[in-house]
Amino acid sequence: MTDVAIVGVGTTKYGKHLDKSGTDLAQMAVREALNDARNITIRDIEGFVLSSQNPEILQKQGNSVNHYSEFLGIGAKYAARVEGACVSGTMGLRTGYLAVKSGMVDTCLVVGVEKCYELPSGSDIMAAFAYVIDRDWEAAFGSNAPMGFAMFATRHMQVYGTTEEQLATISVKNRNFASKNPKAHLQKPITVEDVLNSKPVCKPLKLLDCCPVSDGASAVILARGDIARDYTDTPVYIRGIGQFLVPENVISSLSDLTEFTALKMASQEAYRQAGITADDVDVAETHDCFTIAELLEIEAMGFCEKGEGGRFVEEGQTDLGGKVAVNTGGGLLSRGHPIGATGICQASIITEQLRGDAPKGRQVDGAEIGLSQNLGGWGTSQAVVIYSR
Amino acid sequence: MTDVAIVGVGTTKYGKHLDKSGTDLAQMAVREALNDARNITIRDIEGFVLSSQNPEILQKQGNSVNHYSEFLGIGAKYAARVEGACVSGTMGLRTGYLAVKSGMVDTCLVVGVEKCYELPSGSDIMAAFAYVIDRDWEAAFGSNAPMGFAMFATRHMQVYGTTEEQLATISVKNRNFASKNPKAHLQKPITVEDVLNSKPVCKPLKLLDCCPVSDGASAVILARGDIARDYTDTPVYIRGIGQFLVPENVISSLSDLTEFTALKMASQEAYRQAGITADDVDVAETHDCFTIAELLEIEAMGFCEKGEGGRFVEEGQTDLGGKVAVNTGGGLLSRGHPIGATGICQASIITEQLRGDAPKGRQVDGAEIGLSQNLGGWGTSQAVVIYSR
Amino acid sequence: MEEEREIMEVPPRYPNFEQTAIKEFWDALENEKLITTRCESCGKIEFPPKIICTSCYSDDMEWVDLPLQGKLYSFAEMFAVPSGFNPPITVAVVELENGVRLFGHVINASYDELKVGDDIEITFEEMNWFDYKKHKYFVFKKK
Amino acid sequence: MEEEREIMEVPPRYPNFEQTAIKEFWDALENEKLITTRCESCGKIEFPPKIICTSCYSDDMEWVDLPLQGKLYSFAEMFAVPSGFNPPITVAVVELENGVRLFGHVINASYDELKVGDDIEITFEEMNWFDYKKHKYFVFKKK
């Protein structure tokens, strides 16, 4: 079967876009992706995947793939809106990848978008996000996104001795990267003390352990490997995609709250397809919706041993010059997390890294193998992508 | 690439299931599909696609693919919730097909489900359905599903002389089929007069030109063609799937309100893949959400000429013994339309036909080539599947 | 014979007239002017208005007036309507002289009084919106 | 330093206690009994209760009592809570003696007073629900 390459990427700034609609943001991201590629117009693209998590509640708009197709001017012989809560972006990327890989289409546009600040208040936005949680068995009792990850944090801390300071290190590192990314939502550097002193959201997690709410859109154009160079001199190839969804959704149904079990399986599958091991990864964008998530991810993907994540980040092994640079775009923690867009943005950041186009202070020297990892639910739905030039 | 076969199908009765949740209905459909196949348990299935249109609004539940995975007990190495309004089911079927076709998984469960009657009133349900319409440029002025199809009906009637009696014929035929389908929502036979005398919903469409609101779930198990006979003696193969989404969504943006332009393209693609023409189709399940829709579909798919649909149905060409039997399961008009489930149910009805298992009065003698057609939006998002033994 | 089926709510009627990249459009309506965007790069006139051309993807968009005359392209009469409206409502798609099509309410004719091709004039009326205020929007009048 | 971020609403709290295939479960709670389903075919005990076994797909399910003793598996303390709750709320996952795990509120301890493995007793308290009435649900008490 054909290879699949990324031939164009685009992303809006992430943040509060009060004067832009979801379709405005999507148009801006796609415009950038079309300009990033060459010899391609919107009419040349055969497939269209839209990743958006909850436009129904956030924007009071359904049938989003058709709604967006009108505003993007795209006609498509394969089209789908793909949703899996926070992993919507990479689920969509993988679905577009399958459409190209299977020969169904030669090119596919994958757009991730979330428009949150259209709702009148922060409370309404948080209520919208709580829809991802099982309604009857968990959300009914007040559960929200920080809660589930705090449960992981508590148990990891008590079983392995992980500290709040170690978690804070992750937030500080990612903000430092974001300070060099003009498209990041939060760009002002912070210290470990800032994180520790920020107000509690859900103990043991504090405000600066949590990603902000962001509007934004990101887009990638996929093409068959054998025509990729028609559209760019620097195609970035998808070498493997692993995914796993476990039959666990309510927080009390999860088999182990010290690890992302589904991620172990997804990453092993991605490595197998790409013919690599964790040691080969030079740069990774991971799903740090909360600091504890990044820690669990570097363990599950085998960058360090289980339980060793705290020490590993403390040693700077996930910073530039460490064993593997993690979240050089600023991560969800600082770049922001417009839900459906996140997985697509990760792909665009890895593309920039593998082209060698990231700015000083963020570029990983000689990066050859990139990885992106995106999750949904309580880490119960996971996807990992491996990329190289 | 491998062939893809349907090796098991299951569907709940469609109708009001006041004491069943969406997950209850999905379990019931999957149980039937597992029992319909052999040598397979839920743990043997590698992929999982969930098609559900609007559980966010209808059930106040997001991340549905993970929510359902827990209740279905399915772990999956490819998983996605696929949504495209009323075409969600066939979008999901095609996405599962791609996952098998590309070699990513050997088997894939595709489940379509919609639970509507959890909302407290019919008004709330109708409000939920109106989310599929463009919010700012159409729904804001009161547009609803019957409205868009009534616009097609008006223009088709004025341009081609199609009559309300001809449209009524479609509803009568489909109810007659439904009277022999114990899983149909509405089973009591009706007459042309009943249709003409039913109260106006949106002129020129009356209540019996419109499908009811239904709860229900349907499931199919897909397998690689070379292992299909491990699971059934009567695999039904997917010979082609064509899809088209046009960049038109607001009713005033549609280029032609006398035809389903996207369906002409989707059906031609499906025929091309299967190596057939419209004349080869023996039995078709089409998306008759409103009577006018079935008429536009038989024209767009080439069963008759454009503008000739009214005469064609009047002559009984879409009934048993006619040129092509259409909606032998009762159609959306009578079987019901639990949105995300519809495309999957169509596949199960065609499977039954091609196995020769439909009851007398519904079975098409010697049916060899089956077709299902599903749409979203104002017919602007279309999918067509061709099946044979 | 059939079970009774209640019909119709609708999502809150939503355009935000202040926080939008097309505020000019809503402001113009308040002054009974109907405008949309034209791409300065390829000339495409689009409705609804866009910030980027859906054809050539230029972001060089200008506001232009739309003609206030057109012909009836299709129509329907809604008996089941969302709360906030009084049934029946006649709605239509109207094709303007420059080919642009609009969707809206017909204020002076019912279904049986209309036929495809009828001459239509665009005028303006106040409607209820999500902000619980009345705002002007265009409507159709059979000539 | 950071912009202020308001937190938390939640969707309406929803279980429908009448129109459900697991009415026995909700009725039992009203009587301060905690039950769930056991598959008579393979013996699997599942929580939440199911109408069909997620393992062997039998629909031969029986109601069984759950033990009212367990150990703290993990916990958190929510300072930002949906309307209808008073922060802070301590929440936990508790593993019962038979291995089944439950999620709920801890009513007699804050975060700093708890550790993984603590002995927990299940008791019952009234909570507000979507029907604007109070209904009993299980809660956790540190021994």
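For clarity, chains are labelled A, B, C and D in written order, and residue numbers in each chain start from 1.
The rule is simple: a residue touches a chain if its C-beta (ideal position, glycine included) is under 8 Å from a C-beta of that chain, and two chains touch if they have at least 3 such contacts.
Small disclaimer: the values here were computed from a predicted structure and weren't measured.
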Chain of greatest Cα-centre distance to subunit D: C
For this structure, which two chains share the highest number of contact pairs? A-B
Whole-Å separation of chain centres (CA-atom averages), subunit B against subunit D: 38
Report, in whole Å, the distance between the mean C-alpha point of subunit A and the mean C-alpha point of subunit B. 33
Among all residues of subunit A, those touching at least two other chains are 60, 70, 72-73, 131, 135, 247, 250, 253
Among all residues of subunit D, which ones touch two or more of the remaining chains? 11, 14, 54
Which bits of subunit A are touching subunit C when the two form their complex? 18-21, 24, 27-28, 30-31, 34-35, 41-42, 60, 70-73, 118
Hey, which residues of subunit B end up touching subunit C in the complex? 121-124, 126-127, 130-131, 135-144, 146-147, 150-155, 158-159, 186, 188, 190, 194, 198-205, 207-208, 212-213, 247, 250-253, 257
List the residues on subunit D that touch subunit A in their complex, please. 1-3, 5-11, 13-15, 47-48, 54, 73-85, 88-89, 91, 93-94, 101-105, 111, 115-116, 127, 129, 137
Going by the contact rule set out above, which residues of subunit B touch subunit A in the complex? 1, 48, 53-54, 56-57, 59-67, 69-70, 72-85, 91, 94-95, 98-99, 101-104, 131-135, 242-250, 253, 265-266, 269, 376-377, 380-381
For subunit C, which residues are in contact with subunit A within the complex? 11-12, 14, 16, 19-21, 23, 50-57, 59
